[in-house]
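This report refers to the structure that appears directly beneath it.
To keep things simple, chains are lettered A, B, C, D, E and F as they appear, and every chain counts its residues starting from 1.
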Amino acid sequence: MLRKDGRDNESLRDCVITLGVSKYAEGSCLIAMGDTQVQCTATVQEQVPRWRQDAEEGWVTGEYAMLPRATSERTDRESHRGHRQGRSMEIERLIGRSLRAVTDLKALGPRTILVDCDVLQADGGTRCASITGGYVALAQACRWLMNKKRVKTWPLTAQVAAISLGLVAGELMLDLAYEEDSRAAVDMNLVMTSRGGVVEVQATAEGEPFSVGQLGQMMTLGQKGLKQLLALQAEALAGLQS
Amino acid sequence: MLRKDGRDNESLRDCVITLGVSKYAEGSCLIAMGDTQVQCTATVQEQVPRWRQDAEEGWVTGEYAMLPRATSERTDRESHRGHRQGRSMEIERLIGRSLRAVTDLKALGPRTILVDCDVLQADGGTRCASITGGYVALAQACRWLMNKKRVKTWPLTAQVAAISLGLVAGELMLDLAYEEDSRAAVDMNLVMTSRGGVVEVQATAEGEPFSVGQLGQMMTLGQKGLKQLLALQAEALAGLQS
Amino acid sequence: MLRKDGRDNESLRDCVITLGVSKYAEGSCLIAMGDTQVQCTATVQEQVPRWRQDAEEGWVTGEYAMLPRATSERTDRESHRGHRQGRSMEIERLIGRSLRAVTDLKALGPRTILVDCDVLQADGGTRCASITGGYVALAQACRWLMNKKRVKTWPLTAQVAAISLGLVAGELMLDLAYEEDSRAAVDMNLVMTSRGGVVEVQATAEGEPFSVGQLGQMMTLGQKGLKQLLALQAEALAGLQS
Amino acid sequence: MLRKDGRDNESLRDCVITLGVSKYAEGSCLIAMGDTQVQCTATVQEQVPRWRQDAEEGWVTGEYAMLPRATSERTDRESHRGHRQGRSMEIERLIGRSLRAVTDLKALGPRTILVDCDVLQADGGTRCASITGGYVALAQACRWLMNKKRVKTWPLTAQVAAISLGLVAGELMLDLAYEEDSRAAVDMNLVMTSRGGVVEVQATAEGEPFSVGQLGQMMTLGQKGLKQLLALQAEALAGLQS
Amino acid sequence: MLRKDGRDNESLRDCVITLGVSKYAEGSCLIAMGDTQVQCTATVQEQVPRWRQDAEEGWVTGEYAMLPRATSERTDRESHRGHRQGRSMEIERLIGRSLRAVTDLKALGPRTILVDCDVLQADGGTRCASITGGYVALAQACRWLMNKKRVKTWPLTAQVAAISLGLVAGELMLDLAYEEDSRAAVDMNLVMTSRGGVVEVQATAEGEPFSVGQLGQMMTLGQKGLKQLLALQAEALAGLQS
Amino acid sequence: MLRKDGRDNESLRDCVITLGVSKYAEGSCLIAMGDTQVQCTATVQEQVPRWRQDAEEGWVTGEYAMLPRATSERTDRESHRGHRQGRSMEIERLIGRSLRAVTDLKALGPRTILVDCDVLQADGGTRCASITGGYVALAQACRWLMNKKRVKTWPLTAQVAAISLGLVAGELMLDLAYEEDSRAAVDMNLVMTSRGGVVEVQATAEGEPFSVGQLGQMMTLGQKGLKQLLALQAEALAGLQS
């Protein structure tokens, strides 16, 4: 039996990565995973956060937000509420950790690359799309730094991508759409590099806890999806002038 | 002598209005004025602000924000600063007033239409593009309400659009790009309806004050530009199923 | 037919400017326009905002607030709400722009004059009274700087004043009181210098849009009122020791 | 030896209480103690704070703020800092307690009287002037409620006033001006009613602690000053139509 | 080779759970894991969050904070900074999810149990100690509800506990102290129930990514530690009067 | 007739001061006054507040907070409300003033000692316990500075302690428990040094004002209690290695 959009359980949604959507940013792309759309822009700043100033290394960080009507029900802007939501801050921390996991901060030198991930439309998997697209924007910004001769050694050690998956109505499904995610008993986000290393695993039981065996099955399915995403990233970046 | 992008002083930039960019919103469009891009989404809420609850009328309001890297230099998110900027709030008030000027709030009934204007890329004239595109999203949301039979009488009394113009290096120019705007001695925003009524005039001397005569010339040029924008709106909305 | 307070449509309310109401401020006045009362104090600060530090020029800025019971219904303090209101910030930006339009920032040198406009009682036209009174406080502070020999060239290039007017019940009226303003179909603020230059025009249709012709009539009436205010400013400042 | 302004140690500064300075407030006065000027307005609200709703009693509360240039050095507005200062909140709590000490909250009925104390000019003793002037505004608002027949029994049980005093350069001085206060080794605020009851004593050693005997001397001197202030209040309110 | 405190790699630190440390809370304990000390108190509130009001179920949530000097370097209070930290909010969400995973919200009925986890001293593993101790406080509050006959069916379906572990200097270690955690290449938090179900897995590469095989080894070691913690919880709660 | 806990009116509750409760802080104690428990930690910071930088003296300051369930009814965290409460800020100012009154800031040198007072359980008198316990933590931090040879002269000039007392049901009572405090007609906090000097007196009529004679009686009773507290402090600190 197929899923609403005709996919089988182990398939990704259509993933399209469009480069160069910003005329200003040092790196940018629009990543679409089905109806989920995230605009990722990388900004190079010739300074590091104050608490990193003693290290002679660079820094990579991420910011994440949704347009208010990215969702089915409109969400109030965080700036209007006057405080930030825990969910956004948790996602930003995950994006930053994931991108730093493939960056040689010494090679980057004393500068920051800030990757903004703004969700234009949300249909599940926005944090994973932010990481997958964020890597593409980061890579462009690194290429820009190399071309400007501000950085001498390529500062990225691998690609990094992320995928969501879960247990929905008793079945293991890859790349959950929002409607599937809202019914999922278990929800997992897997972040891995092109070298096969795991950067982050987060698996959460929304209802019933899951078994250690199911965790293993989810790891296997997640790796399958990530292989395809890493190939799409490579393809999107292939044309990038060096 | 022509302007940087080859236009003469009395020409608009290329203006493209794309409808239906959001799968969730009751109305939506992406408006591009040259490199300025604003995503406008209209949300219908079956309630009115608390301070309007006694009136049996509806309400139309706007929100405005820029993605952090919509600009040449990245701007911090308002949610991260912890306070809203005066400029954003001033623009939101202008958008709301402009859209209400063509709305029959009684006909709309006890509901709110909230128009979000999110600037994806900024190259001058973002507040005007927000009003021009915001009207298109508002009209779609009204059509949606009519189709759903929640509203019986068409609640819009006219179209509304806005244009910026100014005095740059001694010459009157229409639809200023950012680089022109930053050099302008006088900066004017004109909001008018398709019935020829003025909704709002704001003319500001950035450097030298201007004469009453120059105000008259600016009014004439502004009206010329608005005629074209109103025609583009009508065309974009023509296909809207009734 | 006369207005509530016996004025005809083209008359200002009684305007009284009292100098020296603060024993501490470098410049100060209390301006009364009918029942509207605004205390304006100018503070000289021997520094400029951080983002202006590279320019070798000075800066002039304004702040605006109302006492909570300046209005018929008490208004909560902005400090108690925890956020600033859009209206206040919009007015502050207008005050700053207006005062800078008559200031030679180079002549002022690397210092800031901050003009605080605190509304003790509000009966319409508070932003205009703030500009007209704010200029008087600014001029006193400049005189103080000249006397202290901190500034060598008189840094003001002209006087600046502001007046509100509008279309109320079909009639054009000058200097609207609050009750008139609340019924106005069109509301205009005009800021001009003593040299006849326009610094700012803001005309807003609260209900029906207005015609381009009506804008012209409002410009004429506004100039008439401003001539009187500029004379009152000059008179108030005449006694100022040089 | 006399003090800077010619007073002897046991004298108050000139105290002038001007009634009716606000055309909107239910009660208002301007109180001047030397160069200290506080505008006090009383607002009647036909509701009580949420946490008092079960009691069938009223509530009296105070708010306190200074205009930014009320002081010799300009102070940033609390609304611009984004947070309130401990000092202001401490003073507000004292004003509220003092006014409630002479109010029969049952007789007041289920309504709030909010007394705003806005310091126009500060030269020491602003919290005491706020209480002394605040009582006058409160009494006027109570008279207004009686006249409107909303309240049947006079809800005030006594007058209340406050005075500062301290130990300056080894001498006990009444009603400290700012310059004296800044040199004071001990600073005391005394709040008492016209019936001779103490509502609040706050005595603080700024430098050397003081003896229990000195506390007694300060109590005696404070009472002397309060007697005069209570008489001035009574005089100011004498003309109040009942 | 042993660890600093003499443990071998697969051992927990001394864990002591002291019940009833609060005379007010419906449930409370102090949990010590080595030098890490967390005070957990459970508060019963006879209402549910607004957004849950339609469901006829209860809610369980957690709050997490550290005393400022719980850490080696003092940390500013979140209340003094004016905003909350992403880390705290992420931990609060994890505590809430973990406790809800073993709660039958229908059986709990329309009330909230709020578990406050306040870290008195932090030496690594504070979020895990908060979950393990939080469960104990939650269980006491449920017992209190049963005794008061407000709840008829025991609302907890299992115990829940959490443990941290990681890869430090190439070795897999259980229950990391702060100094170990700061050197860890991989950091994992595992939350499981007494029925063997996994509620949450979070594994993060701080430096080098880890392999899928290492994830399996960490799962095995984590389960070993959790078995001991679940036994300690049971023992601590054994004396609880039913 | 005895009080609820069997004390007579002039007795303190059991007061226990436990040193060294924090492994990180330069000074720390847990002070229990009956069921009131406050954890006090002193942190040495090798810098002074910006506004003190010109003085070559040190600074001592206090912070005060309650755990949310320290009270019978749970109180929301200040960090969650987004603003600080007036009561907390008033108490912090009192703690700071009291501790500075016995500190020779010159001898302390250009550094800050920050004393955190966190109320674990509140049963009345928390601000007084914070001062009494805060002194003990401060003294330990000073000893630590002496031992480290960062400070040459012992920077404390005396001990300082605080006690609450009041008029409850017509009787003068020492060291009020929460239930007594809530019924008190008069509430007094007295802060004195071991040299017999008064640092601060705050006496507040919650209901009926009190007489000048009663103030004297309260001073006498307060001194009696303070003598015992000062002795307990000395005893607790006796073992402190010099």
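One rule holds in what follows: a contact is a pair of C-beta atoms (placed from the backbone, for glycine too) under 8 Å apart; a residue touches a chain by one contact, two chains touch by 3 or more.
What you are looking at is a predicted structure, and each value in this text was computed from that prediction instead of being measured.
Engineer: Show me the overlap between the contact partners of chain C and those of chain E.
Structural biologist: none
Engineer: Same or different for chain E and chain F, where same means more than half of the interface numbers show up on both copies?
Structural biologist: Same, since most residue numbers here occur in both copies.
Engineer: Measuring centre to centre with C-alpha atoms, which chain is farthest from chain F?
Structural biologist: Computed centres place B farthest from chain F.
Engineer: Suppose chain centres are the mean of their C-alpha atoms. Which chain sits farthest from chain D?
Structural biologist: Following the centroid criterion, the farthest chain would be A.
Engineer: Could you work out how far the Cα centre of chain C sits from that of chain D, in whole Å?
Structural biologist: It comes to 33 Å between the two C-alpha centres.
Engineer: Taking each chain's centre as the mean position of its Cα atoms, how many Å separate chain B from chain E?
Structural biologist: Centre-to-centre distance between chain B and chain E: 51 Å.
Engineer: Give me the residue numbers in chain E that touch at least two other chains, ranges are fine.
Structural biologist: As it turns out, chain E has residues touching two or more other chains at 82-84.
Engineer: Under that contact definition the chains make a ring. Starting at chain A and heading to chain E next, list them in order.
Structural biologist: Order of chains in the ring, chain A then chain E onward: A, E, F, D, C, B.
Engineer: Would you mind writing out the residues of chain F in touch with chain E in their complex?
Structural biologist: Checking each residue of chain F against chain E gives 22-25, 28, 35, 39, 41, 43, 45, 63, 65, 67-72, 74, 77-80, 82, 84, 114, 116, 118, 120-121, 123.
Engineer: Contact residues on chain D for chain F in the complex?
Structural biologist: It is residues 83-87, 89-90, 92-93, 97, 101, 192-193, 195-205, 208-212, 215-216, 219, 223 of chain D that touch chain F.
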